[in-house]
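Each in structure tokens, the structures are laid out below.
Both of the next two complexes hold chain A, though its partner changes from chain B to chain C.
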Partner chain A sequence: MSESAVKTQQQRVNTRKILPPFVTGQEIVLIGVIVVLWVILGLTTPAFLAAGSVGPLLVQVAPIAIIGVGMTFVIITAGIDVSVGSIVMVAAVVTARSLVEFGLPFWPALLLSLLVGAALGALNGVLVAYGRVHAIIITFGTMNLFRFIGLQVFGSSTVNNMPPTFNFFGRGDAGSTLGIPHAFAIAVVITAIAWWYLRYTKGGRSLYAIGGNAHAARLAGIKVQPRILMVYALTGLLAGLAACMTLAAGTSTLDQSVGTGRELQVIAAVVIGGTSIIGGRGSVVGTLLGALLVQTVSSGVVQLGWPSQLAFFFVGLFIVIAVGTDLVRERARRRS
Partner chain B sequence: MRFKRKVMGALALAATGALVLAGCTDRNDTGGGDGDTNGGGDASDVTVAFVPKLQGIPYFEAMNTGGQAAADELGFNWLYQGPTTADAAAQADIVRSFIQQGVDVLFVAPNDPDSMAPLLQEAQDAGISVATTDTDAPDSVRELFVNQAGVEGVAHALTDELMDAMGGEGKYAIVSCGETAANLNAWIAVQEEYTASDYPDAEIVDVVYAGEDQAQATAMATDLMNAHPDLTGLIGECTSSAPGVAQAVEDAGRIGEVHTVGLGTPQSMAPYLESGSSAASVIWDVEALGYLTAWAGQQLALGEEIPAEVQAGPAQEASYDADTSELLLGPPLIVTDENAGDYDY
Partner chain C sequence: MTTQTTAQRRGPSLGERVGLFAQDRGIQLLILVVILVVVMSILNGAGVTIGRVNSDYFASALISFVPLALLAIAQLFVITSGKGGIDLSVGSMVSLSGMAFGISLVDWGWTVPAAMIFAVIVGTGLGAINGLLSAYLGYPALITTLATYYAYRSIALVVTDQKPVSGSEIQDFYQSVAAVELPLIGGQLPLFPLGLFTFFLPVAVIAWLVLNRTAYGRKLYAIGTNDTAAQWAGVDTRRTRLTAFMVSGLLSGLVGVYTVAQFASARPDAGTAGSGMALPAITIAVLGGVAITGGIGKLGSVALAALLITWLNASILMLVPGNEGAQVQLLALGVVLLGASLLDGWLQNRRKRGAVKPPTLTAAIALGDKPMVDTPAADTTAAAQGIDEPVDSADSESDSR
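Our next item is the complex of A and B:
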């Protein structure tokens, strides 16, 4: 091989490495697995592919995928936010009570929920960005703190007789247009915007830089701390939106179990979607697919008439496979 | 940086403050009990503690209301504390703290009967009278179990109410909650038998477990309706899945085609009973259960025999079986659209 040939090949590699491919290998695998699962479910339980079954599934996916967008941002910066379940709880109970007690209409209620979520997220952001303690410790602390606040707002009782204000996000007829649930359509739009932001804007690229090496990013002139603050505030805001969808998908009674375990479902979706838990790499499209896969499995297990606890097994298996392939890729990258 | 330190300092201060305050309230609670000792040997000395599965949900708060009412009327101390999640380990910590406080009678509604058994033994060794209420720990040293409704009473009422709505025939499914909940599993076993023996044209096609999660119960009920297009009935086996299954029917726009019955508190079921997505709710008077529990605690502390027929406050139809040491509240309460408004939990 001549020297110039080596050079051009080198250049090609370099230009390719600036932006990752449009669709990563993990995403193709996920799409494949989901399609296979849907086909199997469609063949074995004839009702599955009817709109009556897929619609409610997509409604369930939406809040996880939406928080997942924020969580993907956070994990790309090498952080994590385990307080999102508690943020959902606080936003949901505050909003639910104002629906019942003040009869708040749709837009003000939605705005309230977003504000509550963003405020709690911003608190996380300030503490993580300026606290110099690992995000898991800080958000673990605020998770408990927010949960306490939520329980205080509940005041040892449930919120009863909620009006159907958020039907627009719900499972019923008012919640979809042409068979597509609004909640899921919103999740797709948010994912698309986030995908564009991460891929093509300076701000988005700098998140990867921060996650890859925060010190180097700072030296390169990236304002690390404001960026980190922003991603946690954004995650809180999205959790506030997800809280409204959770209210819509629930019953007319809200109990204090709302949001419990949500953080783990979201992190599972992000990890299965191929985002590296050590930061610096990740995709929001993968997260959406991850959320879709997790929900398909838990729904599918019930529809096939299998014992419902098998859902845990499959989700666990997917996480192990996803993290395993991530580690293998990471080693391969180091070697090359 | 200075800003950072200030924030952290303020947080640390707040956290310490909260801990100190929490410590104080705990001490005051027991202090009240100890302070009364100069009265000597009478009832006002007695401290009865109750550890629910979960604190802060309407069901156990209503039990607490009943228990407190009994304590006020009959003159003894009533303590109520539970974990904030239905977690066996967190519950065990609270039981241990009551053992250390040396209460006279300890009632537990165990999240996990098997892991609670050795703790109850520990409590008994410390000279505490131990008993269960709401949920039994059958293989333990408990001296008494206050049962809200007989297994058959609940299981038959659930089945009969659903069959009434379904016209005595068709396929139905059960959305249960915790997989290890002994009372739910006992009811389901009887429901399966009773359906097979008394309603030959009806069939239970599936039993699924949603945990104590309303949204999950709703999602599973939706899945069940889709997996079995000819499904005409759903049972929500606990207070979180009862409104969950009704909501699923409402969302699917199938009120009148798919009937639901559940074990839900009157307030949470009221909108569904009104819309017709739920035919009836089978429950019991939870405040009366709390009252009966507290009353029985006082009897245990004073060493009194419990008679076969018991009338205690709102619990007028209770009965005691000395062989199994079970105190039964009475027949279940059927809540429909008409009487749902009579209860404030």
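Our next item is the complex of A and C:
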């Protein structure tokens, strides 16, 4: 009995040695920055901390955070996916048109959006995993391809008179329970599951191994290619979910600019969250915080009455600061 | 005896020579350009096209060739410098330096040359910020230029509160890119856009000389091929990389000036509207055979790739009307990029498997196979072949740091 106790003890010690701390320095810094920003905004614009302002903010964070989970997986494997904006567009327009023309109810429409997203993501995955070409090139290509498909589905106009099927994800009263927006709650749940998966499962750890050194991972018996395929398909699936939230967030009209630039927002959130673009290191909790920061900055600039385009400047600045602090810490880590 | 040696060395027979010739990216692109022009001429003859597709049409389409080609050359410098070099911020630099040009010309009343120099200096300075962050502070280029893409774009939009700058000075300047008749022989030839001669040709010639006939060019290819080896050979890798980013900024500055002339106004979103200018530029660079892992890339092939995309886009507009045409252009860009890179990856892999692999380092380098180490798939194929590739594994290790 004592032997097994010792064994579990040892296992625990080993686990502690291998796994990084629950919350990394980057995440603490991010929480600090977000709190400071919220306090400043709260003091200067009294409307900010009122529930009427924070709720919509959280709703807008959700799609970035949800796609960000997939993107974090992708970047941990040393890949990247710049086509997510176009995937959101295709999933959104296909779903929107089926809502308008066939009056699809909530669940089938959600399922349709997820399927479209996952299919496009799987195409990325197949090409990246088996194509012997760098992920950024592949996804630049599919980005154009998907945008073409999306525009074809649009025809030459907007999709009008969308029914409020997805109000469950929206900013209205139907979109939140006890003041917590459903979309944000879903983002938190997905982040939590992904966090657990990355930290405690064999599959999750193997993603880090692939990102650290794909060759070594292969020699260690990890099936690299199927895992990579899965990661891109997952990102597509999550983009499909985010598309439904995008449909809910807007008005009853969907225009052709949907999803444009989404990929950069998501990548910004991921790198601000401390995930290394070279692969092998990263956390989904950081990504959620990064998404929160990006959206806080965007909303804050508007609330302060500054030109809304100034938000881009601050997003850029935060990327530089976040990655900079990470580089400094990395250097310190290597020295010790 | 001699025949045996030849056989051992696998000296190229005629067939193999043709094969090697056909594997050259420049030749492939040239063939594609010729095929495109021939097909379009036939379609024109058959009356399928919307307007008349003739040499005049192809010549006038070159007005959009200039910015594409210049920015693709910018990517050639940055991507070739290796270590994940890429410049996502070119579109924003185009916008911002274009605004600098417009404002100094119209609002401050500067002369055209002064405003042009100012715009190019602004562009180079913006490129220098990218370079300092990437080369000296250790930021991955993708992150640096993503951040500065946002920052520069924001400044360009905010500086005039999103209003374009225009005035009579800019209207006059429009002449410098408009179509002209060439002197002497011009009567026989179609009208070429002047921008081709005022912007593209000087840049292409100078860039070619810098890449192929200067120590800097050799250093650039050296750091892109193997950063550590170049460092040991006494190359100041950081400075070389910084310069590559500055070249990218400089060229973006020139394109900024060009777009002002092209649109006859300085638009704050000139380089970032739609999906921006960076993506087509990177696509063209890759299509032109620039290896995303660095160290490989030829200016001639990149220019040909820009030509192919320009004329392909122009042809599509003649086959598919209106809005639909713009959409098909997206499809074409995506398919061409995917097709070219996948074919390339497949061919490289096949060549690697087929070749009798000499175990020495020099021989492996002589094969000219720069493995795409960042691709997990490439790594695993290397693993499948056995771990007898010293170059590959050393490379992948240094890259994954």
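Following the convention adopted for this analysis, the second predicted complex is superposed on the first by the 308 of 336 C-alpha atoms of A that agree within 3 Å, B and C clash if a C-alpha of one lies under 4 Å from a C-alpha of the other, contacts with A are read in each partner's own complex, and residues count from 1 in each chain.
Just so it is clear, a contact is a pair of C-beta atoms (placed from the backbone, for glycine too) under 8 Å apart; a residue touches a chain by one contact, two chains touch by 3 or more.
All figures in this text were calculated on a predicted structure; none of them were measured in a lab.
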Combined model on chain A: chain C and chain B, fit or clash: clash
Which superposed partner A:L151 touches (first chain B, second chain C, both, neither): both
Which partner, chain B or chain C, touches more chain A residues: C
Contacts of A:T201 with chain B and chain C, given as first, second, both or neither: neither
Touching partner for A:Q309 - first (chain B), second (chain C), both, neither: both
Partner chain in contact with A:L127 - chain B first, chain C second, else both or neither: both
Which superposed partner A:T177 touches (first chain B, second chain C, both, neither): neither
Partner chain(s) touched by A:H215 [first = chain B, second = chain C, both, neither]: second
Touched partner set for A:V323, first chain B, second chain C, both or neither: second
From 117-125, 225-233, 243-251 or 333-341, the chain B stretch with C-alpha clashes against chain C: 117-125
Those residues of chain A which chain B touches in one complex and chain C touches in the other: 127, 130-132, 147, 151, 156, 260, 309
Contacting residues of chain C [partner chain A, same complex]: 84, 86, 133, 137-140, 142-144, 146-155, 157-158, 161-162, 274-275, 279, 282-283, 286, 292-293, 323-324, 327-328, 330-331, 333-335, 337-338, 341-342, 344-346, 348-349, 372, 374-383, 387, 393, 396-397, 400-401
Complex contact set, residues of chain B against chain A: 3-4, 7-8, 55-58, 61, 84-85, 179, 205-206, 208-210, 212-215, 218-220, 222-227, 229, 240, 243-244, 246-248, 250-253, 267-268, 270-272, 345
Parts of chain A lying in touch with chain C, wherever the complex brings them together: 77-80, 127-138, 140-145, 147-148, 151-152, 156, 210, 212-215, 218-219, 224-225, 228, 260, 264, 267-268, 271, 277-280, 307, 309-313, 315-317, 319-320, 323-324, 327
Sites on chain A touched by chain B in the complex: 45, 47-48, 50, 52-53, 56, 60, 126-127, 130-132, 147, 151, 154, 156-158, 160-161, 170-173, 246, 249-253, 255-258, 260-261, 298-299, 302-305, 308-309
